[in-house]
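Chain naming follows the written order as A, B and C, and within any one chain the residues start at number 1.
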């Protein structure tokens, strides 16, 4: 048992060594944070250092050239084009995900079926991306080759869109759920139909959240390589005189594919190409996040929050 | 369903033709939330251009009954309403009745001020807009804000966000928003519970003023408020169900406000209004 | 009798209020400025492009496409049509199209056709050199010019839609008497819109569900063929390896590889992620937290190919080889550390959520009893958040198992892999095996059921990650409910 002591200033004063465990723990967790910081920094610095020669000597040439076997000429124009097209196809499918979220959150009754669907969607978000490549290979490459032209950027875009779909449904669903009930009741109380309530109150209030989800989706779509690999993105290709639509259905590549292909070449001299392509990809992802932050801020300001 | 006027329930306060100025006639109303029997066997009649107050302890189902008048309960999946609620003789729960059309005629003000995250102007103009109004909204907005006693305070900042207003102003804005569609009835669900006494006083004055144009039903926890503003008062209480142990709301007494407070017919009413329970 | 119609009139002595609506850019400015700006931007980019040795294969006249993109975005943000569209969508204003309210769909169609006609079609014509496009352009121009609500023939060149002041006579709402249910019905157009919206989102939802079902059905039906072919071995071919194109399917090899990668990743990400979570949840003040958290989250947004590159260009030469010179260009160890970096933000953020969900009262009780911060963190917060933290680890494991590109790039083993127990050597995981089998134009060429083996692995992966996700999901739901 503790005995009661008379209190003097000394008994209340912190003593050295009193909290040794606390100090050790603090050092441990701050070094964990430090290590995490180091990882972020090291990835950034390493990539830029490796890419330095290319970025300084032939930046525009690198951005504007297709991949080739010649180190001095090889670039990422085809990759940029492929990535932008894939992102565009993914964006075109966003309404499907947002619509599904609106249905699940606003219309569907709370039955076992809708709950099963919610759980399934949540779990599909955790399925490894390469599995979506298999889907793309079977359905979009082989099944719908009349539409997609086989191993094409359309097939890749659709497969990535399916991959991103659960992310969109989940984040949009969360944003919709976060819309306060009084807001809905207020609108219903004034004689608005369900659709009017959704369109004029629920969707605008959920817009920042939905936007975040779509940006996450685009960033994910830009960075994914595994499904493209299975669908058959190639290292480089020649287009000849194909017009735009023929190119959509022809051979394709994407930025992450460029990076993977350059990185896997045994000669270390190609590493700079992979790093430079990584810098381009990181900047693209960063820009998209930035746009989202700005747009979000504008919307939130308009909503007066 | 039938289009004839319903038979009158016992109503000592009526001296005109029975049913002539009845806005609502409620007959054998029961409300269930899933298995929970929330309100049982309510019968009452609401008169035109009067303020009717619903009082009673919490959980007695007065808000639930209020929400039956504009079919707000439809929004809750598990809610089920039995019995009849007639609005000018028309069964509100008839299959052919659209709840949206009902709510356009029967406005509602909620417990917590819930202005939309839009400008003051757009808040008031919301109802007319969704209702398909194509004419001059400025007039409607001004009239509604004047009716709600808010015009002078906000006329110079109609474009500013409604969320920047004080709580009392927000609630008056909600009233303005509700009367902008020119409803027949205003349902008020404890409109002053989130407000300070001064703002409450303003709202009460407002209710007395607009009563010449609207039929008002107000749910309140505040007996003084019911006594101050209402013409007639319904006292609800909660009974504990013997089998399930759940609380079930019940209408105990419905009469002139004066009678309820000075000469209640039921001992439970007397206990409540004299502050001995609830 | 029923209800009388009440006319509430506005006091005539009071002037009608003027309501300030968003300012509208002048159409005249729009008609001149927008095409001019477009030309300037296109010219600027063309100059840059010329500097880059002219249009290059595969990138087309990129100057025009880029200019198109820039201008379309810019005009969408600044021009009245888009503004009106946006505001009508959010219900802030009724969008007026020449004095009549216009539906958002109409506005969207107009804006699209405007942007399309102004930029898209000419660009297509320039790039593809197709005459029909020009014809189409002329035709749509005609249609737009003739469309109802037009203001002037050249209107389609600039913002066609202008927000009108809410002029005109007020009609107001009249109170009508209610006699029958017919008086309590919604007008048909609103009803139809309501039904149509419901049907639309239902269709979209069903599409999503069907696609999800398609994934599962497709993968398992292909996998079934593989298992039915009986080439799958768990132990009989142990010690050889995974060489699908030669018909050698020894899953044990991949299992060991996956185990190594996952183990190394969690060994790195577990302590680091937990430490970060403790710091953010228990030690950092809100200001520090707002700075530190986004930096950690940056890790989550790095594409995995970049980390694969990082593994071979930094981890191997700078970290591993100084320790053990025998480690080569590619190794399971390097790949595992790369995957670990990806897993850090996942474990950190889910654990932090779990720790922050622990009620303040518990901490206060601990402090009230004289507990120090370390005691509170480890003895109070950690046990209370344990279920959430275990969920974080499960999600982290699931992510590590499913990671493909880091392993594909940094663990070597293209085509196949021999059975390898030493993490310093090359190896393959389930995912990397699928990637290298699927990669390239001649993918999944090989003996017999090599193609199906891809799906068999996919099915295996699917089941494993699904199980992990279901478990972690259940745990997370539980701790959310508790607090």
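FYI, a residue touches a chain if its C-beta (ideal position, glycine included) is under 8 Å from a C-beta of that chain, and two chains touch if they have at least 3 such contacts.
In this text, all values refer to a predicted model and were calculated from it rather than measured experimentally.
Chain contact topology: the protein chains form a complete graph, every chain touching every other one. Two chain pairs, A-B and B-C, are weighed by contacting C-beta pairs, with B-C ahead. A summary of chain positions shows that the Cα centroid lying nearest the centre of all protein Cα atoms is that of chain C.
For the pair chain A and chain C, the distance between C-alpha centroids works out to 5 Å.
A straight line joining the Cα centres of chain A and chain B is 49 Å long. Between chain B and chain C the centroid-to-centroid distance comes to 45 Å (mean Cα coordinates, whole Å). Within chain A, contacts with two or more other chains are made by residues 193, 196, 200-201, 204. In chain C, the residues that touch at least two other chains are 91, 186, 190-191. The set of chain B residues that touch two or more partner chains comprises 100-102, 105, 118, 126, 131, 181. Partner chain C is touched in their complex by these residues of chain B: 1, 3, 20-21, 23, 48, 87-92, 94, 96-98, 100-102, 105, 118-119, 121-122, 126, 128-129, 131-143, 146-147, 155, 158-159, 181-184, 213. Chain A makes touch with chain C in their complex at residues 19, 21-22, 25-26, 28-33, 35-37, 39-40, 42-43, 46-47, 50, 60-61, 63-66, 77-78, 80-81, 95-100, 102-104, 106-108, 117, 119-124, 126-135, 137-139, 151, 162, 165-166, 169, 193-196, 198-201, 203-204, 207, 219, 222-226, 229-232, 234, 238-239, 243-244, 247, 256, 259-260, 263-264, 266, 271, 274-275, 278, 281-282, 285, 289, 302. On the side of chain A, the complex with chain B involves touching residues 109-110, 180, 182-193, 196, 200-201, 204-205, 303-305. Those residues of chain C that touch chain B in the shared complex are 1-3, 6, 8-11, 14, 16-21, 91-94, 100-101, 166-175, 177-187, 190-191. Chain C makes touch with chain A in their complex at residues 48-49, 51-53, 56-60, 62, 89-91, 124, 127-128, 130, 186, 190-191, 193-194, 197-198, 200-205, 207-209, 211-212, 214-215, 218-219, 222, 271-276, 278-279, 283, 292, 295-296, 298-299, 301-310, 312-314, 329, 341, 344, 348, 372-375, 377-378, 395, 398-399, 401-405, 408-409, 414, 431, 434-435, 438-441, 443, 454-455, 458, 461-462, 465-466, 468-470, 473.
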